[in-house]
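Next, two complexes with chain A in common: one pairs it with chain B, the other with chain C.
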Partner chain A sequence: MFSEQAARTAQGLLAPPSAEASTFARVPISTYTNCSQHFRLGERSFNRQYAHIYATRLIQMRPLLLERARQKWGSGIAVRKLCELQTAEKCCIVGTLFKSMQLQPSILREISEEHNLLPQPSRTKYIHQSDELILEDELQRIKLEGAVDIQKLVTGTILALYGSEREDGRFVVEDHCFADLPRQLPRRGPSTDRFVLLVSGLGLGGGSGESFLGMQLLVDVVTGQLGAEGEQSCAAQISRVILAGNLLSQNTQNKDTINKAKYLTKKTQAASVEAVKMLDEILLQLSASVPVDVMPGEFDPTNYTLPQQPLHHCMFPLAGAYSTLQLVTNPYQADIDGVRFLGTSGQNVNDIFKYSSMEDYLEILEWTLHVGHLSPTAPDTLGCYPFYKTDPFIFTDCPHVYFCGNAPRFQSKELTGVDGQQVLLVTIPDFSATQTACLINLRNLTCQPISFSGFSADEDEGEMEISH
Partner chain B sequence: MVCDPVEDAVWTQLGAMGRKRLITDSFQVVKRQRRDPDTKEGSLQPEAVPVPAESPTDSSLHPAQLEMLKQFDLSWEYGPCTGITRLQRWERAESLGLSPPLMVRETLLEHEGDPSFMHCLWRDYPL
Partner chain C sequence: MEDELYLENIDEFVTDQNRIVTYKWLSFTLGVHVNQAKQMLYDYVERKRKENSGAQLHVTYLVAGNLIQNGHICHKVAVVREDKLEAMKSKLATIASVHVYSIQKAMLKDSGPLYNTDYDIVKTNLQNCSKFSAIQCAAAVPRTSAEVSQVQTSAQADSQTPNDTHAVNVPTINGHVSSTAKQPSPQPKGIMGMFATKSASKSQDTNKETKPESKETTIATTVSSKVSPKGSAMSNFFGKAAMNKLKVSSECEQPKEEKTVAKPSVSVTEPKSPPSAAVEKPGKKMEPVKIQQKDKRRAKRMATSDNEEKEDENLKKKRRRIKRPQSDSSEDEDVSVSPTPQEAKPPLPSPEPALKIELEPATTEASTGGKKRKRKRVLKSKTFVDSEGCMVTEKVYESESCTDSEEEFIKSKLPAAHNQSTAAVRKEPKEDRKGLKKGTATASKANKQVSIMGFFQKK
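Presenting the complex of A and B:
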């Protein structure tokens, strides 16, 4: 986007100053609706067990799965509950998956006195050859074998299985199917080029100032203070900026001060205070010029359990004065100019990565869409609020753009569903490490990365480049 | 009475009818979060099944209704019953399309505010 315009007007940078300054008006947002109401929590009561969320998940998803099962294996298949299973009868069962993993960190094992074990070291992946899959429905559970990829699936997935029960009590699976993509509302995108910028992992307060220059370049590009008139006119087409989580760095979660006694840490200030002040200044520059949606992430000062509630506006005294600053939940769903966006700050994908053999973040993102659930591992290994009425993480309708933040690198893919749904999958890279952000064109749903790099210590010629 | 001290000790241990003496005879167990201050409270014996403390007047007036609500709690089709009120559970079952019996809702709305009706069977047990 920028390169074509820049080449044409590059001479403008060396021209003498003109009498009137050229101004570019930013494209107005025609329609914006925040559709994340079901992720907002009113009063929170933790006097409940998580059985409710699993029960509602199964009850809500069972009809979808039965429909898909009948489409796949014929409408005449026998659908049985686990208590009605008969040996060697081919039938279809629907239930919640549970993967019993040997290496899964268990608090009971940790505090068990007889084993006298040290806490388990943290790993990147907790899968093991000896993991077993068990299917549970409302009343019973049964162990699974056969044509089912044990390493790939994770706890909490609802699926339908076709097979038969063996004499020893295990269910031999011949085929399986997921809820797949839900129906999609028609996309009424804009007719001209309009861009949404997705950034994640700003990582403020990290201690190293390497990413500051990149961040300032990003802000300057978006606010139109960088480049010649060509680039500025392009930047005027950016209609929204979404910050997808991890605005603060992991270093602000200083474990030492958290675990120390209060009287020792009385005079020390939390590292996140300085970081939030820096964030406020950056948001001030951004929101003075463009609507900004700020999603909290894993290391941000909000609640830990999903869905994370918006950051409190009192943390942003400077930027909060602008109505363009929107503090939103994680996960976040919105209709921007007729295009449905849905995304998270990456905790769901990260958690599935730890407990599944899938290596690619984009593959995991696509898999959650096929499974029909945003984060099946919540509440087992990912903290989640004990919902009782509905499970808000089930996909009700298919988004047009589905993103996840804080991925190791930028990837994007256009996915076509069985019923003709078109989804753009985007994994937004961590900005503090990769200095890359994503631009999504709302007109044709394409995505391109935009990366910034500044002076680095080992380069001979200091070169500033904005590459895309 | 017998003046031998050993026999005396044995006699007092057995008591008049050979009943075993429990610590809860001297130290009554007080349950937390009592909502009915006027109910009779039996001492909680760890091995025996505790009696659900219901107000004596209510249970004698509506035993059939309470029994129906108890059956509603115990039916597994409508999901778990602990931790939420019966009315919340009924409304959840209704919104998920499980068609719970309307009688239950009417009974609950008649006795709104009465904890023995509103809360589920396991209300005395934390979580």
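Presenting the complex of A and C:
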């Protein structure tokens, strides 16, 4: 674990100054490859409809699903397209799920005059008892019933169903299966302890100064200013820092200035300007000492649709001078010291949370891995670029570390796949709320939360890190 | 004795200056390693308390260690007051480090002031913030400006390759061609042609905001039609002006369309920005174009926070160049703009105002309306003390954020500028410019006058 061996010299600095102060060298980057090229968008054309992305998703995932289906239900099962279905014949169908939800916000309904509806208030969950599941393939769609958990599944999932069609035209499901985890490349991790720090939700520009000290403590620990010598030498083993989104707070997104009168807002600056300056300074401190990967998040100044493109380097004039600063996409995939990392800033998990009955972020994270798709609800309820050739969110290789940012709390789990894949699932908590970050040890793929606190006027309980 | 020196220093800081002395602040102030600073603080506390047990000294400590929480081990790092130190230490299963965090005279209610102290000292030492740190990273070396430009062009080239997989055609209206290499071919000729040759060398200024091409070409054509006789001199001006760290040089300014900040002098030199929608940020209008060229520029940027001040200052510097061309060499170091445009300027004071004038009506004509904020060139009085110690008031153009409704006032101010009485000879070029502007302003007003044919044309 991090800094356990530091315990020996813990009180070493409670002494008169010594002549020599030891300096530790940061562990060098042994291997790093950024594998997120398929998330980069070059020229973008929005002339296409979103049907193409569903079509390509189905085409890409169909063979995987058929293989899984044959493994699960026997190789002799009949695989049918929806147009070939015959009543009462047990067969396997593969298609895209569509969940028709009564409470799903629909812009057409909102602006429709004949309905005369007020805009729907935003909810945490949009599921309802009356939701229905429909399976669509290339040509047809069919309503589903039976042993399928309607509340849990979300639109856009590709799955294989085993059952039969009834006379009334509905498909009665007996069993279902997902694409499950893909192959995993062998992990060639380091032989000594090496850490990667995952942080998300710095929330700069949020207005509340409470998290600032925590953030400064984080930067100080990583850059080796804080702590006794033992801890500093352990911190020198942090080989990378990944900032997983929401570097700016939601408050910077305030667009009131558009509605206010011009004379009131004439000289005001957008809140994100100050926040980005602060972020630049923090990144400068970090990148002067450790390689940093910055992923954009929901409230960051980049495009809204997934995959989010990297933040623009002109926003970081100070930190951008260092080659250790890397601005990367969301989602982000990289090989760090032989360990494959894949993660998002949390928008995919958050969106599934809204439209599914699953409550636990870690559970949703695991579920996306089983389904074989990073973000099945895109483009239905989550903005997405209209791909047409390939769907880059389909898992091609199984990662070793799979994370999502901006979760309500820290959770981690080691998952073992059917074919022996080992994945460490991590939900990174929102730093501005929890003052907690995650340290991942690349040697043995374990994860440890690290939390920071100052002190405030109302003492005692305020210092305790209460995480569940 | 040497050892006593730091004790005296700390004593002075804490008791006399009543500061909050954090280890980081001490480390930067005395220029020592952070660990030594921590030890110094501890030593001071011990000695002071031994001498005078009633000393008014409050200490905060940093405690770090492992905490067992809900079954998993959490590493905790906390700043605690002295009275809570033992309590915190007992909560931790293993203690990884304890050291003095800060010393101050007064009892701190919360840790806010600690953060502020650290923030201030780091801010003043941003360029070498990890100099006294215990960890040195070999990979973290600041890039030189040449490398920076290389990286930026390669970043553009990289973003080209995904194009092939995603884009069907190359819709020149919808998309933006990202690579500088592709710039010359699809763009219209004329002034763009002049810039294209420059842009290859000026690849530092890549990736600026997206500009609506239609607007760009409008401005470009109006500019080109009037400026083409001036030829290469003006293109020099534009080309080098792009290297300015000004977001908009005062001569070439455009109102914003919709929500994007248009930086035509910069953008026109780089007509192709990468298609990243990352740059379409409504809140970015104040953010100056960061050109990573020289450290001093960055330092200068940090020094001036207000955009308007900066522009004005550069404006004034440009003005001075025109007035006193012989003092070019002495001002070279001070002025943050690159020297070449300044050399181009003195021989061409007249095309400059002509250009300004042309852009002004273009500015107003090309505005799409809508209640969005634009950056306008507004005539304002600026009072400053010149080199001879005299107070001088000038009416200068200054870019300011305002709406369409304020356009009309600009025109009315232009004739008012003429009335200002200025006796000094060196003000003549400016007067000429203003006179010219007034003439053109009235001319443009005349152009705008509705003719009787208007009744017959619109059906």
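Please note the rule applied: the second predicted complex is superposed on the first by the 445 of 468 C-alpha atoms of A that agree within 3 Å, B and C clash if a C-alpha of one lies under 4 Å from a C-alpha of the other, contacts with A are read in each partner's own complex, and residues count from 1 in each chain.
Keep this in mind: a residue touches a chain if its C-beta (ideal position, glycine included) is under 8 Å from a C-beta of that chain, and two chains touch if they have at least 3 such contacts.
What you see is a predicted model, and the numbers here were worked out from it, not measured in a lab.
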Following the superposition defined at the top, how do chain B and chain C come out on chain A, clash or fit?
fit
If we overlay the two complexes on their shared chain A, which of chain B and chain C does A:L139 touch? Say first, second, both or neither.
first
Is the number of chain A residues in contact higher for chain B or for chain C?
C
Which partner does A:I107 reach: the first (chain B), the second (chain C), both, or neither?
neither
Superposed arrangement, angle subtended at the Cα centre of chain A by chain B and chain C, nearest 10 degrees:
80
Contact-wise, after the overlay, does A:A55 reach chain B, chain C, both or neither (first, second, both, neither)?
first
Touching partner for A:A88 - first (chain B), second (chain C), both, neither:
neither
Please indicate which partner A:N47 is in contact with in the superposed arrangement: first for chain B, second for chain C, both, or neither.
both
A:K389 in the overlay: touching chain B, chain C, both, or neither? Say first, second, both or neither.
both
Working from the superposed arrangement, determine the closest approach of chain B to chain C, counting only CA atoms, in whole Å.
6
Need the overlap of the two footprints on chain A, from chain B and from chain C, as residue ranges.
47, 388-390
Using the touch definition from the top, list the residues of chain C that touch chain A in their complex.
3, 6, 23-24, 27, 32-36, 38-40, 42-43, 46, 60, 62, 64-67, 69-70, 72-81, 84, 88, 91, 94-100, 108-112, 114-115, 118-119, 122-123, 126, 129-130, 132-143, 147-148, 151-152, 155, 158-171, 174-178, 207-208, 274-287, 289-290, 292, 298, 301-302, 371, 373, 401-403
Can you list the residues on chain A that touch chain B in the complex?
47-49, 51-52, 55-56, 59-60, 138-139, 386, 388-390
Per the contact definition, I'd like the list of chain B residues that touch chain A in the complex.
76-77, 79-80, 82-84, 88, 91-92, 95-96, 98, 127
Which stretch or stretches of chain A touch chain C in the complex?
1-4, 6-7, 9-11, 13-18, 21-26, 28-29, 37-38, 40-47, 209, 212-213, 216-217, 220-221, 223-232, 234-236, 252, 255, 262, 266-267, 269-273, 276, 281, 284-285, 287-291, 296, 301-303, 309-315, 317-318, 320-324, 387-390, 436, 439, 448-457, 459-460, 463-465, 467-468
